[in-house]
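Chain lettering (A, B, C, D and E) follows the sequence in which the chains are written, and residue indices restart at 1 in each chain.
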Amino acid sequence: MEPLTSLKPLLAVLVSLGVVPILISSRSPNVREAWTFGAAGLKFLIVLSMLPAVLEGRELVCTLAQVLPGVAFRLRVDALGMLFALVASSLWITTSAYSIGYMRGLKEHGQTRYFCFFALALSATIGVAFSANLFTLYLFYEMLSFATYPLVTHHQDAKARHSGRKYLLYIVGGSIGLVLPAMVLAYHLSGTLEFSGQGFLPHSGSPILLGVLLFMFLFGFAKAAIMPVHAWLPAAMVAPTPVSALLHAVAVVKVGVFCILRVLTEVFGLDLLASLHLGTAVAYVAAFTIIAASLIALTQDELKRLLAFSTIGQLSYIVLGAALLSPKGLMGGMIHIAMHAFGKITLFFCAGAIFVATGKKNLSEMAGIGKRMPVTMAAFFIGALSIIGIPPGGGFLSKWYLVLGALEADQFPLLVVILVSSLLNAAYFMPIVYRAFFVGSRETTLPDTVSEAPIFCVAPLVVTALISLVLFFYPQPFLDLAELAVQTLIGGTGK
Amino acid sequence: MIWQLDLLILILVVLCGIGAIMIRDLLGTAILFGAYSFMMCLLWAIMGAVDVAFTEASVGAGVSTVFFVATVYHTTRRTKD
Amino acid sequence: MKNLGLLIVVLVGAVLIYATTDFPPFGDPESPASLHVSPRYLENSLEETAVPNVVTSVLVDYRGLDTMFETTVVFAAGVACFLLLRVPRRRTPAPRQYRHRLTGLTFRIKDGGEISLPLQEFEPMESIWTPHDFIIEKVCCYLIPFIQLFGLFVIAHGHHSPGGGFQGGVILGASIILLSLSHDLRTALKRMGEKTSALFSTFGVLIYAGTGALCLLLGYNFLDYQALDPLLPGGPVMARYHGILLVEVGVGMAVMGTMIWIFRNLASRGRHEEGL
Amino acid sequence: MSQYYPALLIAIPLLAALFISASGWLRPALCFPLALTALGGSLLVSLGLLSNVIRGIPDVYLFGGWPPPWGIYYRVDHLSALVLAVVSIVGFVNLIAARPAVEKEFPEKAAPFYTLYVLFVTGLLGMVITGDAFNLYVLLEIAAITGYALIALGKGRAPLSSLHYIFMGTIGACFYLLGVGYLYIITGSLNMEDIARLLPPLYESKVVTVAFVILMVGIWLKMGFFPLHAWLPNAYTHAPSPVSSLVAPLMTKVMVYVMIRMVLTVFTVDYAFLVLKLNDAVVWLAVIAIVAGSLLALAEKDVKRMLTFIVVAEVGYMVGGFWLGNRAGFIGAVLHLVNDALMTLCLFLAVGNIVYAKGNSQWDSLPGLFRTMPWTMGALVVGALSIIGVPPTCGFFSKWYLLLGAIQGGHYGFLAALLFSSLVSVVLFFRIFEISYFEPFGASHGPDHGEDGPAGREAPLGMLVPLWMTALGLVLLGLYTGEIVDRVIRHAVPGMML
Amino acid sequence: MEEVLRLVVERYNYWIYITLMMIGLYALIAKNNLVKKIVGMNIFQTAVILFYVSIGVKKGATIPIIEHNYDMAHQAIRAADYVNPLPHVLMLTAIVVSVATLGVALAITIMVYHRYLTLEEDEILKQIRES
């Protein structure tokens, strides 16, 4: 079907220009945060308004400038991008609410700066989702890297500085050192950077070169935190919790895997990967990351670090799904973007809420917390279910598809990996929940005064937890989108 | 053009040039540089470049030398090499 | 550094000498340089500009733009020396010294006030005092007018003999420099103040560039002196002749002013009180 | 009217410089407005020239009405029109920003300062537009002499650095002159196109080879190409800030232009790339320049001095890109010439603001700057991102073309050097940002973080407006890269590289 | 041998200019005293000028000033009779440029001297390092 020309994608990206009013109204926090909410809501509505057209199988295109021959600064909304944009824009609303509660609760400094860069980061995320070609993708990817730097280092102390360095080293080092040359090489080979369902790289290229190219992309998009380029993620935990939530669930890491999905499916194309057996190679790299990250997570005591390693593992599910090169696997990977997002953000919100309420970061200090903060910990439980993949958590669906995909691709070892890692997930999440609810009041070290965090903190996490549940029963929009996306990818191959 | 004269002046020019940078007195350097310029001016006159020679006589041998002397007057005559 | 310098020098020298083997022989009338562009100047200069001195006609007319910028370079150097060295006039003037001619007594006036002594008996004195040589002073006194006259001649006669605005300007400048060398800086400054020399240098270049712009205004190309035909007598060729003269005067003024300006700033280290 | 543009381009600033000088003695208040009018005028003229060229109107201007090769003529083509526009834009924008600094540092010398400033820009404009090899030398000397004087105006070590610059610059200019002399002795002409016409039968001559080598060495000396760069960092560091933000963006870029012009118009690409076969050697030199420039920058603890080494590295980008000898490399080099002029302008202007507020740009004066001078630092970030090569700032696109050129030419050393220097610039700039963002360390939580840091004030509006104009220009230039390449640079690519 | 001799005799002028140039260049690079360096710079420049003037020389030609009362109607001016004027023109410009450079260089030298009270480069650099 003909693509529609529309300004909506551009608007969706630009809505975050709300930073300007945010900056101007820095003196009055209420107005400032009203602007934030306004922008977030508006962005969600714009994204939503494009959903029907996308579900009909059409694409919305908006070309801004022809920057290089054969490469335009162009936005395009397709099913996969839509799926990601929906997740990101809906989570911005909840995260904004949560940020307000968290930041005010802790009386953080530099809140105006915080909201500005938050908005910018979201803008970049939507931009990545709606990129029509590798150049636009790279542009927004870099924008996101630099917009999140002040967020990660928000505390402006020595530790933040150290983590900021690590963050830049991996993210920017990867994008300039690996992605940029890979991109130029891809352009040199094919003369274009435009995504297409069958991939744009010529099949005639030398296999070694293509293989090198693939791994340059894979590790260059370091935001996906595939081992060994994962070390920035635990380090970035020094950021305020809403930022961690944003990093892990919504924007940064998801952008990383999204980029890799795009590269695998629309730069290389499934056929090319299959013919060169590169899919399997990527799948095993991802599998290694899944297992290793889960094992490391078992040893963590700090809640946020544990969540970080959990994220690293979960991200590789998505990569794994795509690398299976089978329709079901792809679907699983795509849906996992959404499922993991809602689950993981719930968990982070809970960690933040605990910190706001008690000032505790370590698991060992949280025994019995379930009785003091029942709502929070219940939400935590739901989030954990979703991540582990137990019904009625939404994560079950994506894992189900992944397993089907692995079977479809006849990759028995990978099936085992998925199952084992689910067990490991359970092994590191369930003890937390158990200790929160089922230890005697004598063992708890918490003071009696502890109660639930402020309403602005709790409400968002309840909402996200509920959405995780709802997605199990009513995953239709995401399923449809994923199916559409897979169709466009597979359809071209004539299967 | 008388080539003997030409060669003689060429040699003199080189000698003046070397002298100007070797002598251990900046005022001497300035004066030798003036001499160098004057030799150069003669050379150019021999070669038929009268306008250039005229200019060099007034600028190189005249004004430049005065500039050098003024500078040496305000700085020092001392030099190590 | 010495060895490095020697190495570079030998290397560069070798490369340059290497190329000379392919040069046309020295003084060869058949060399490309003598055959390609320059013959036209020699053959047509008299006809096109009525200037027998080909160097002048090429300098100011055929390649007039170069010369305009050359004058600008001199002007820029003058401004540069002024910018770098000139010390703005102090609130409290430096102490001055006067010497009684007959007795050799010296007076030092601290606040820079004027003295009410009979001036002819006293002479201003510099801090490093050297007795004025009467012979030099007087000879220069008589020489300077002739030097200046010669300078003017060189400027005006540049069309027919070696010389022109630049050489004449330097000579004129040198005459004033000679004055400050033989007497002292103050005397020369009284004859020609700093502002005068600076404005001379500015307006000299202005005459040149202005002539060019005038040609532009009259509908011809920049520096096409033919445009001056309606303003000057003698037809288009003579217009070039006169245009060249006009420009030479500008060059002379500019160079004279600048040379004096630079010399003063160098000689007095920008104080314009005493110096060489 | 438009046929007079080339003459007006030079005449307006030249006459204005004279009027400024005169008004310094007669009516000092007029100096700045005159300078502004002059550079504004030449900016308009150069934009007019650019639009003429885009519309395909050839612009050849015969001075004195004499036809070439006897007279001097100015010739505007796509390449020179583009560089003219850049030079006049940088000159104009920087002039606006210069005023507060001039009034603060040397108010009594404003008139000679503006005179030399305008003459410097005149010299550069002339160098770009002229079609005569010797005329270029004279203009080069105008730009050089004014540059020496302006640089020597700085504090501390500036005069000594300027003196070194004079020595090196004179050697460079004399080598250039000598090279032109070698060409003259063998062809008998000084007009660039005429020389190009006469050269082909002489390609085998040693004189032409040596002339080429001397010319290149002279030009490289002037542009600060790596082993010959020794004068550059000191001169640019110690110059007063309005001067370094004028000289640093323009001088090296215009010399790169001169190099391109010499190879393109005088010797022709066929000679340079096919007969001499120097490409690989020069590209390797450029690789060394880029790597060395980046590494030397790492060692500096003064922002301004660090920037000067970045300039050295960027020169390597352009020289290397050009000598790759393919289309993408050429486009990259020319585009980078344009972009880098604006990028360095932006960075030096920002540093100028810091110097204005703090007195110097050492690391000691950086802490707390993001709080006290947010606008300046914001522009510095934009400039830095452009140097690093982050889209959509213009730096990305030129780097893109250079990388593409390196890949197409199979020159992976150059590719690696470019990436290395990009990564090093990330380190360089984020070190600065870290200091000014994190330090002084305060409480990590709470509302009054960092309030006890050093007090400071944002630079005056007169400096911020040009700075932000430049910073926004970087982004706009990036977005319009396609247009610029398509309408201008594409037409300048020599046939051999297509 | 004769060949070599001819090469020398025909081009010794060029060689002398190269010698002078190298003297200047050496002084510029290796001399320690700033004024010496400036002298070297000027020698370097005059050497280039000498080179240009040498280009203009023609055997058997006179200075480029057309005789007075030249009868243009009867005989055309022969270019071979006059020395090539173009290099002279260029060198007039070059001399002026060199004196301008000299002025600026000397002005800066005076500034340097009054800051460091010496003209020796190594002593100046030592002072800078120590401060």
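The rule is short, and it goes like this: a contact is a pair of C-beta atoms (placed from the backbone, for glycine too) under 8 Å apart; a residue touches a chain by one contact, two chains touch by 3 or more.
None of these values were measured; they are calculated from a predicted model.
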| remark: Hopping only between chains that touch, the fewest steps from chain B to chain D number 2
| query | Stepping chain to touching chain, what's the minimum from chain A to chain C? | reply | 2
| task | From the Cα centroids, identify the chain that ends up most central relative to all protein Cα atoms. | result | D
| By CA centroid distance, what chain is farthest from chain E? | A
| More contacting C-beta pairs: A-D or C-E? | C-E
| request: Please identify which chain has its centre, taken as the mean of its CA atoms, farthest from the centre of chain D. | output: A
| query | Roughly how many whole angstrom separate the Cα centroids of chain A and chain B? | reply | 78
| query | If you average the CA atoms of chain D and of chain E, how far apart do the two points sit, in angstrom? | reply | 29
| query | Any idea how many Å lie between the Cα centroids of chain A and chain E? | reply | 70
| remark: When centres are defined as mean Cα positions, the distance from chain B to chain E in whole Å is 11
| query | Can you list the chain A residues in contact with two or more other chains? | reply | none
| request: Any chance you could list the residues of chain C touching two or more other chains? | output: 16, 21, 23, 27, 31, 33-34, 37-38, 41, 53, 55, 59, 63, 66, 70, 73, 76-77, 80-81, 84, 162, 166, 262, 266, 269
| note | Residues in chain B with touches to at least two other chains are numbered 1, 50-51, 55, 59, 63, 67, 70-71, 74
| For this entry, which pairs of chains touch? | A-D, B-C, B-E, C-D, C-E, D-E
| said: Going by the contact rule set out above, which residues of chain D touch chain A in the complex? | reply: 385, 388-392, 397, 399-401, 403-404, 407-408, 415, 419, 422-423, 426, 430, 434, 437-438, 441-442, 444-450, 478-483, 485-486
| note | The residues of chain E that touch chain D in their complex are 25, 28, 34, 37, 41, 44-45, 48, 51-52, 55, 86-87, 90, 93-94, 97, 100-101, 104-105, 107-109, 111-112, 115-116, 124, 128
| remark: Note: in the complex, chain D contacts chain C through residues 4, 7, 11, 14-15, 17-19, 21-22, 25, 61-66, 69-72, 108-109, 112-113, 115-116, 119, 122-123, 126, 134-135, 138-139, 141-142, 145-146, 148-149, 152-153, 159, 178, 182, 184-190, 194, 198, 205-207, 209-211, 213-214
| Interface residues, chain E side, partner chain C - complex | 7, 10-15, 18-19, 21-22, 25-26, 29-30, 54-61, 63-68, 70, 72, 76-82, 84-90, 92-93, 96-97, 99-101, 103-104, 106-108, 110-111, 114
| List of chain D residues in touch with chain E within their complex | 134, 137-138, 141, 144-145, 148-149, 152, 157, 159-160, 162-163, 166-167, 170-171, 174, 177-178, 181, 184-185, 190
